Each structure stands twice: as structure tokens, then as C-alpha cells.
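Quick one: the structure is below, questions incoming.
Letters A, B, C and D mark the chains as written, and numbering starts fresh at 1 in each.
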């Protein structure tokens, strides 16, 4: 019980951190921001992995397995597409040599 | 034990919050900032109060008592002086009517 | 504390720090890529930390899941075109929400179908499946509307609001009941079903063009679902990542709604209600000056200073590469070219920036509204490419207009305005645009990509 | 969870949130006061929450402590003049550190003089008393040097560094030993004593003028001591408030050291070493143009645009009110007056801003260095009032100078520079200033307050 209370602090502080950091992301990078948070939100993978690998009966394993698939999809897809996007943003100094 | 671990998160996140907030304080307000954090750091009053009021033997009570005095001094003095300072900062619109 | 616990908890703490640093680096375009790599390392750490968890006894399902997920995720990362980003994001919110919801259900199920769930954990689990389930169907609907296999127009029926609110109230009632008495599987699954239905009814009456706000809001809900999962299973990295997502989605939806001049509550309560109604103030009696590509090319070839104003039409036409080509030609002729990016140009925050970056336009030339609005009066030509609402002077002057008060780009201050679009049809807000009737405005009708190609061709000839 | 626990924990959580919001509001001058009131409410909440703590059985000592503390604190808040802020802050760091250290010692003592302290708590307690004790004596030394009842020059003796480092190493050794075996009161008290001695030896060799950096660093240490207390007694609001303080002190000392052109490690490791040595490059053969108050008054009376550059000398002379009076006269004559505030002008971050605000100068006229540096070339007169190092061109040009590379105010670009100081003595860094020998520089010798009064008098006459 007490632990859940401290976790409340973690939540509130993380919310503040999120607020302070995100409000300073320039409009230029709002799309990469969306896809990054998308990838990060796949952190529920952590819970899914335990479900899929623990000994909690077949139902839990199957549900966990499906959850692992969904979350992994987001991790992989989300980070790749964000990186692909950010790779495109170049300052004037070194414009791409593409024709 | 586990609790101390979560508290580590609280510490780290609060550090981030502090970093993000403080770096954006303009130089104009650096002195008030110093006196504010000074007042806030008197939060150790919370620990002092418990020491002074709990039934942990005379030594603990006396130590707690002295600690309460010191911390209260900072709370009262720190907030008053900060407020006094901030009261002086006025935008051009309404300069003080002082002669 | 066993070494294993130390390792796991250390990995989680470090992962949390890396997530924060990763997002933080998105504050600086030149550090953004490095930052995302930090976040990736964080994710990897969290995964590795979890794999040594003492409850895990078998790895076959885990490995299978990771492999299948990678196989599905890879093409979603590599091949999806930039123009399909909105639906891509909606789609993956759905996946994330499925994961969170299934974990919640499995947790409930394994604890004796609720019998062994303590009240405090039930509260967290309840939030998790509530937010999770409504995000699943909500995101699916958004995806469908954007991909246009569902009707993208608002679908409404009589009493719809009452049905939605009714479902919501019942779901919350079940939630409260469950917290008081967790061992009630029927109530639990009914709650999940209601949340799923609520997600559908929430998005059904919203038009396709409003989806970006909805998606951001669902992002925020998905984050809250992750946080709730963290509370339920006592895992801080989930709480933190969830809170970061929640904040991000929330802030982006506020930014969007503000820039679109919609009220904050309107967004908060699910961007309910239809798209803004057209306050059609027909500009009858006014004439439009249209211009040929040849004439436009001459103007551009001799312009000293050109400001390009891209809008949703550029995305539709996929004309970003032609834009860059034209800009390079103008620069070769000695002119300067800057890009004025309105915060809600296009259909997604940052939409224009990504497209132009894809076409190799350096990001220092992409100027935010406040930065460039003072420059229009010095510009020889403002080249409006498929933008409409974001350059509508009615936002400044016409109190009756639905977009009145929305900050816009002051293109009409430029010496000459050239507007590329296919017709006189209105844009997203469905309203007339007086800009098109001004004396210093010339319309270049046609698909933006084709018009641009013609311009490029003409200037090269000259 | 009992209602009492809910109340206490709710109060603490709310207090933490209010502290963050309070500091956040310091980002905006117009919201700062409201924000500090939020922080005050937070403190009140934390105190009230604590008073209902179940361990508290008697209130007599508590009430006595609160009353005495208020009686001491009130005059420290109301009567201390703004010019004495640095020593005032050093003094209260000492008080804060005493509180934290005593709580740590009492906690150790009550748990069977260490016998019942678990290792994990011992680590936190150890940090608490280490940081606390060194902050007590360190702050006291800083206070003494600033108040000048201790010699403000660096006090050094041979082998001093080895003594300091030796004490530090032994204290850390004791700390490690205690974590392994907490039930060892002798080691504990020896550690406290060593930390006290270390605080003295840390500050002894540092000059009075370097104290602001030391104070900020001690602020940061005091914050860490609070955080450690929070870990020891399991209280989050302490951890959070401590971390906020720690970050603040740390950031301010970095800002100061950067603006003073001192290395980061130099600061981190206690700003060890003496004040920078004078690289005396005598400007022999050059002549100084001095000016009379009458002539200076004429120049100022006819100037269109004046930039005032205050420095430590203005604080010494307490001349801020005369500065404002002069500025108002110039403005009445149709001229414009701005203030150029260097980040380390004076002896404390924000020193000049507070003094000028006290004299009712509106804060929009106080310009930060980056903002105003481009304006000097358009200024008719740059009026340097008791500033020296922050306007020394050697920082730009003389590679051998100890301040080379430090960003400075470009006063020498103004059409005319008037410098007020009492003599040709150097400032804080102890070096010559070529500015005083330039052709467009005129020296107005004398105490700044008196010179300003004369100027005001002359202009009024005219």
C-alpha cells in the first residue's frame, strides 16, 4: 500500500518532467515526437514479457504472447520510423547529396 | 528495501524537474531563486518536528528542539525576504509611487 | 536484495533516465537523432532487465512473440510513406493499447479471476483496461477513417450523445463496484466490453480531418493505460514512460486545438461534436485572377525574395520534391527562399516539416509562424501551395467566421501572392477564403505537383 | 490506510507539487510572487501534515521551537538590507544544515546508538550528516568572510591540500565502515567531527570574493543532505525538496563559474585553490582622461541614448537610488536609459537586478548581456558605475589575461564611456583594465553615490 503511494509521487514527477520537456519541443519536430512517444509507450512490453514467460496457466501465456507481439511491433516500427524521419532533418550546412 | 529503491526514482525525477525548471529562471531573478531554495530547504523541519515531539528520550527531544528552531528560522526568514525582494520587481507599466 | 533484483531495478532506472534524455534531445533538431538512440538503448535495457525476471520460467512464447512482432514492425517502420504517418500512428496506438489491455486482463484472470486482487491493485487494473480498451477501438476507428475504409465524414444518429454518455457512466459504475469488490469477473468483462464500445461511439461522430486531435488524445490515454499497468504490477519504468506519453499527447492536442481555435474542453471531452459548420459567406460579385504557369514562372524567376507557404494540398499532391527543385532554381537565379510553416498546416503536428525534410530542404529554412510573419511585407512573392485555412484573412477580420481569432500567416502582405490549388473548393474548415479575390493574388489552378513541374520546366527554359 | 495517513501523505504530495509550481513561476517575473506564495502554502501543508504524525506525543517542545524560530527568523527576513544578501544566505544555509545534521544524529542515537540501524538506512544517515556537517562549518566560514569578522583573504598554509584531502578520505572511510557495521558510535561521531573540520578547511583557502560560488555549492550540498534525510526517514517531500535545492545550487554555481571563466571541475571540487592571480600587465605610458561632474552632466543632459552598466562598486556605494534618479532626469530630457546587467556583475547572481529593483527601476529596463550587447554601438553614452572586470576588453583580446574568454559587455563601442570609480585600483580579478585608457573613455573619480548626486544636482541646475 505504502508502495503505491510512493509510486504516486513517481507518476506526478514524471508528469512534470514530461510537461517541461514536451512544451519545449519545436513544432519542427512534432511528428517525430508523436512517433517517439508511440515507441516509448510500447514499454508495456515489459509487463507482456512477464505474462508470456511466467507460469500462470495457458490463458495468461497466450494473452501475454499476443501482447508481446503487439508491443514489439510498436517498439520496432516506432523507433525505425522515427529514426528514418530524423535522418531527413538536415541543417543548411550539409544538404543531402541526393539528386 | 524496495521502498528505498522507488525513492531513488523520486530523487532522480525531482532532480530532472529541478534541472528543467531552474535552467529557465532568468538572471533577473537569480537572487530571489537563491533565497527561495533556501526557504524550501528548511523542509528538514518536517523531520525535526517529529524528533522534537516523539517519545525517543530527552537527547532526541533536545536535538529535535534545536533543529526545529533552526529550520523554522529559515522558513520564516527565507520566505519573508523572498517576498520582500519580489515585491520590488515591477514592470515598466506601474513604477512604484515612492519618492 | 539479490544481485538479480539490483540488475533489474538498475536497468529500469537507467531506462527511465534514458527515456527522459531522449525526449529532451527532441528540443534540439541537431541532437534529436542521438536522443532517439538513447531512448532505444533505454528500451533495450528495460527488455533485457525484464528477461531475467524471476517469474519467467519459459522463453519459447517470449521469443516467438518478439520475432513475430519484429517481422510485423519492421515494414511498418521502413516502408510506410511519410504521407501516411497519421494513420500509421493511429494504427500503432491500437497495438499498444491491445498489449496493455491484454496484460490487464491476464493479470485479473490469473489472480483467481479477480478473487485474489486487492482493492488497491484493482483500481490500477481497472484504469488500465478502461483506458486500454477505449483506446483500442478509438484508434481503430481513427485509423479506418484516415485510411478511408470507414466513412471519414462524421457519422451521427439521434440521441448519440446520450448513448455514449450512458455507456461511459455504466462503465465507471462497474469500475467503482469492482474496486469495492474485485472478485466479480462478470462486471470486469462487461466493463471491458463497454469501454470497447465507448471507444467506437467516441470517434464515430468525428470527421476524418479532426482525427489528428483524436489521435493525440488517444496517445495520452494509451500513456495513462501504461502508467496504470505500472501501478498494477508495481513497475516504475511503466509509470514514468506512461506519464511522459500522457503529457506528450495531452500537450500536442492542446497545441492543435489552440491553433485550430477550438475550445480546450471541446478537446478534453473527446473532441465531441461535429466538425465546425461552414459559415459560408459567399464572395459573390468578386472576381478571381488566374495566372498561367508561364507568367508565374517569369515572376518567380525574377523574384529576389520568395516565401513558400505549404499546406495540406502539398501533402495530397506529394509535391514536396518539386517544391525543393523550384526553390533551388530560384536560389540559383539569386533569389532567396524561405518556408513559412503554420502550426496546423496539413493534418498532423509537424506534417509540413517532415515532408519538406524528406525532400532535403534544410530545416533552418523552415520558419515558424511567429518568426516569419513579419517578413511577408518584404517578400516579392508568397507562393501558397495547397494551403487554405491557414492563410485565410477572415481569421483576422471576420468576427462571424468559425476560424475568427486563429492566428494565420500574413501572406496578403507580400507584393504578389500566387496560390496553387485545384479549384475554388474550401479547405478543412469549409469556408470561403477572401485571399483568393484580392488584387495582388493570382490563382494557379491544377494539381500542385503538376503545376510545380510546369513552373520548374518554364524557369529552366528561360 | 488510516485517514490520518491519507491526510499526511496527501499533504506531503501536495506540498511537493506546490514547491515545483512555485519554482516554476520564478521563470516569469510577473508570476514570481504568486509562485512564492504557492511554495509557502506548500511548506505550511507539510508542517500541518507532520503535526498530526502518530509518533508525535507532546507538543510543548515543538511549539517552543516554532515560536523561537519565528522570533529569530522574522528580523532576518524583514530587516536585513539587500546589500547583505550574500552573508544572509550563507548564514541560513548554516541553520538549515544544523537542522538536518541534528535530525540525523538524533535518529542514529535513538536507534540504540546505531545498534538498530539497518545498513541501507545507515547509508542515507551517513550522507545526511556528512553533507550536513560540512555545510554547517563551510557556511559559517563563508558567512564570516563576507561579514568580515574572519579574514576575507585566502588563508593558506603549507600542505593544506593534503590535510583537507586526508580528512575527506578518512571521513569517507568511516562512512563505508559504518554502512557495513552501523553499530559503531565512535566511528559515527568521529565522522561528524571530521566533516565539520573538512568544511572549515574547504573554505579557509578561498578568498571572500569567491564566496558566492562557494555558497551556491553549499546550497547544493544542503539540498543533498535534505534528500538523504528523506531517504533515511522515508519521506518523499524531503527527497523532492532536497533534489530541487541540489539542482538549483548546482546550476547557479555552474552559471557563475562559466561567466567568471573558471573551470567546471574547479567549482565542483569546492572551488579549491586561491583566487586568480593578478596577471598585472601595467599600462604604463598611457594616460587617463578624467572628467569633472559638470562636464559629465552636460554630456548626459544632451544624450539621446544612455546605457547604464552597474557593477560591484554600485553595491558598495549603495548608489542604486541615485542611479534611478539620474535616469529619470535623463528621460525627462527626452533621452532613453537602459541597464546592461552582466551575469556576474556584483558578488552574487542577480545582485544588480535586486538592487535596482529595490530602487524602483522597472525590470523591463534591465537587459541581459546577450540582449544589449548589440546596442552599445548606437549608444551616446555608456555610464559605467563601479563595474570593472565585466567591461574589461582584455577578456576579448589578451590571451594571457586570467579573464581571457569571459564574455563581457561591449561598452567600448559606445560613442562616449564615462566610468565612475574611486581610484585606478583593479576589481575582483585584480587586473588592469585598458578600457580606462581609451580615447573615448572619461574617468569620473570618487564614490559612486556622491558622484551621482553631483551629476543629478548639475543636471537639475541646467
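By definition in this document, contacts are C-beta pairs under 8 Å (C-beta built on N, C-alpha and C of every residue); 3 or more make two chains touch, one makes a residue touch a chain.
Because the structure is a prediction, the values reported are computed rather than measured.
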Chain whose average C-alpha position is farthest from subunit C's own: D
Intercentroid distance (Cα basis), subunit D paired with subunit A, Å: 41
Between subunit B and subunit D, centroid-to-centroid distance (C-alpha), Å: 15
Distance from subunit D to subunit C - Cα centre to Cα centre, in angstrom: 45
Where subunit A touches two or more other chains, by residue: 1, 3, 6-7, 9-10, 13-14, 16-17, 21
For subunit C, residues contacting two or more additional chains: 16, 20, 236, 240
Contacting chain pairs - touch in the sense defined above: A-B, A-C, A-D, B-C, B-D
Subunit B-facing residues of subunit A, complex: 2-3, 6-7, 9-10, 13-14, 16-17, 20-21
Subunit C to subunit B touching residues, read off their complex: 1, 9, 13, 16-17, 20, 236, 240
Residues of subunit D that touch subunit B when the two form their complex: 16, 19-20, 22-24, 26-27, 29-30, 32-33, 36-37, 39-40, 43, 46-47, 50-51, 53, 55-59, 61-62, 64-66, 68-70, 72-78, 80, 82, 85, 88-89, 92-93, 95-96, 98-100, 102-103, 105-107, 109-110, 120, 124, 215-216, 219, 222-223, 225-227, 229-231, 233-249, 251-252, 255, 341, 343, 348-351, 353-354, 357-358, 360, 362-366, 368
Of subunit A, residues touching subunit D in the complex: 1, 5-6, 8-9, 12-13, 16
Complex contacts: residues of subunit A adjacent to subunit C: 1, 3-4, 7, 10-11, 14-15, 17-19, 21-57, 59-61, 63-93, 95-96, 98
